[in-house]
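Only one structure is covered here, and it is reproduced in the block below.
Chains here go by letter, A, B, C and D, matching the order in which they are written, and residues are numbered from 1 within each.
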């Protein structure tokens, strides 16, 4: 079942080592079939070089394994919360990419400091509050999703405009219009974290770009007036 | 038409991934035929691995597409301003190379701190002032070129002596005596940004080299008394 | 003798250049056969590209060469102290990997700042005190092992929970359940050092993660209630 | 003439791109035949991928080209001063490797902060004073050599014990017992610069290792009591 989606999820997972986003097995990608409400996700702790499409695990939105011989990613419950609450997203990625994790461990957001950021993320990439003891002890992975969703709601952030987040003391989750696009956003987030880290060392004051420049760049690439690329031909 | 120049512009574009200057499609190179006043430029948002010489787009100096099935780079209007105002340059590159962007986001120039810099850039690599709301909202890409030209004029900088600039909160543009030489200068600018970033962390005081050392190194490689390489044989 | 272990020790040594952990010959891996109390270790100063399983040297726990034509690693005496004092470990690695050495030279531990760290190391990765003149002059390599063991005892650290250390002004040693696992831990230590270095530059205050989050992540992967990977199938 | 030495100098030059020590043509290696007082050096500004042994240039110790169709490296006069004043060295390297240049531009030495450094350099790697206007204007490349020699004499440094230097606002020169060994020392200097840069950011106080540890490590690898590697078999 869902052979096409399994192939896409496999390919998206294999982009992680290709773009130097993972050490060992530290990352996972999933995709969703919204019509059937089924999610395809990487198995837990399997090496990228050995993974096949048939290893991908199918789960429903409650986390029940529908098909697959292997355990799904230990982060599956987090993915499911995001799919349930962010209705437009069709792919999710979690990594421990080092520049993003540096910000997550420092507990600070990635400020929207330049056009590289603004081409993909329409504002700061938020960091979640630290999770409480109760959230960690019980249903940790589900609660990780809940704290992400709450961060977006409390700050009135549209997850379609800012397709990524840093979980405090942990690392980034990104999402997108399909599994490959979610990986694309993960790579951009990592690159932006690297660049903005160095900008902050050079000049910690007033690092954010003007709103009008952010509007220009984000809308040049997104929405009905976009004119970047070949889509408006 | 312009098959030779298309081939050269393609080759120069392919140097960008080879020298690790681009993530995804974030960069573009153009070249100009001064005798016909026609510019050849990379199409917008096309992957480097799939690009062919025949994909290159020919535009005139007003931005009218003369030949090509694809949209030209969204930065085309910036290139055209530079070609119109800097009469000696024959190739232009724009990238989001990370060290250069770190300085651009910080809003500071790259100071001429050592001979690696002085061998190619005869003084600080300037950063433009932030663009105003009006400049961003109307004809943004053209105005980006205008702010570059104004930065050179207002500071009496000869673009042949300092073949590059940082657009504030955005990234670098470089140029040169042909498309490949413009990429060469882009790679040097990125390397110099990396080195000088670390020098500034080690010792932020008096980072600039003496003018006499800058004169020596720039003129060892440029102008009628140059003696570097095999050109004076 | 010990052909299987020699092959494993060779393979683990070859992981060091593969994971960019060594420059030239700066690193060594050993493994132990506990039933025979014999250690197999890399020869001293031999290039990785030329090493064969038959070059591996067999020594007893007192350092006597039992088999092999080459000198064993100059760090052999350190390995032996660790095998004698940490009874559960079956493989040891020493490298000069640059991020770990940066912390060692600075004389500071790597704080447990996030889940990447907590998945493998159950607390700060300690740095030893500086060695005294007497320790350096006499039996230096053995004394290096002694100062590691004393660091763990004095701070009541279980070497099975924190499988690595920074020797002050020198570099990291890691260990594990076999030679390959010891290299795995060396790679994680280096990655964690890189990430946490940058977090400390972004935010030097309160960098440590909460104990409850550390408990959660370490125990998700280790011990009888672990549920990461495919082991609990 | 000197075919063997030309081959060795070519091979040593090709190690520079292999070890990521050069961008474009920014580096040169030479070797000397002491019996004939002839030096073989890389030609100026030639790409590494196209260089052949027959392109190497033979010069005498006064800089007169004895054999070769190409201009010798523009840094030849610096090499010759070093060969004339440091009688034991048989190979010299100059690069613009980025971490070493970061220190050179900052005008600070690389302190002997740990054993990685102490295994190869018996003390701080010095930085020269800034060159005066007179030194830069007249015989610049020869004067560069003179300022290096003076730095070693004025500070009573033995060039056999510390086989490298940072020329202020410029970059590193290293030397060794043959051209390949000189490149080896260049790679170590770059690695040590990278590591110690980060140590200085983590802890700028008392970064130097104790003298007794420096003695131990340097003498473990050098001199009549060395016991590292296979040389004492």
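We adopt the following convention: a residue touches a chain if its C-beta (ideal position, glycine included) is under 8 Å from a C-beta of that chain, and two chains touch if they have at least 3 such contacts.
Computed from a predicted structure; not experimentally measured.
Visitor: Comparing centres built from CA atoms, which chain ends up most distant from chain D?
Guide: Relative to chain D, the chain with the farthest C-alpha centre is A.
Visitor: I want to confirm something about chain A and chain B. Since they are copies of the same sequence, is their interface symmetric in residue numbering (over half shared, so same) or not (under half, so different)?
Guide: Mostly different residues.
Visitor: Through what angle, between 0 and 180°, must chain B be rotated so its C-alpha atoms fit those of chain D, rounded to a multiple of 5?
Guide: An angle of 90 degrees brings one copy onto the other.
Visitor: Between chain A and chain C, what is the gap in Å from one C-alpha centre to the other?
Guide: 33
Visitor: Do you know which chain C residues sit against two or more other chains?
Guide: Those would be 201.
Visitor: Among line, ring, star, complete and other, which best matches the way these chains touch?
Guide: Shape of the chain contacts: a ring, since each chain touches exactly two and the loop closes.
Visitor: Hey, which chains are touching each other here?
Guide: A-B, A-C, B-D, C-D
Visitor: Quick check: in the complex, which residue numbers of chain A touch chain B?
Guide: Touch residues, chain A against chain B: 113-116, 184, 187-188, 191, 194-196, 198-199, 201-203, 207, 209-210, 212-213, 216, 220, 227-230, 232-233.
Visitor: Note which residues of chain C are touching chain D in the complex, please.
Guide: It comes out as residues 23-24, 26, 43-46, 70-71, 74, 96, 98-99, 101-108, 130-131, 133, 136-137, 140, 169-171, 197, 200-201.
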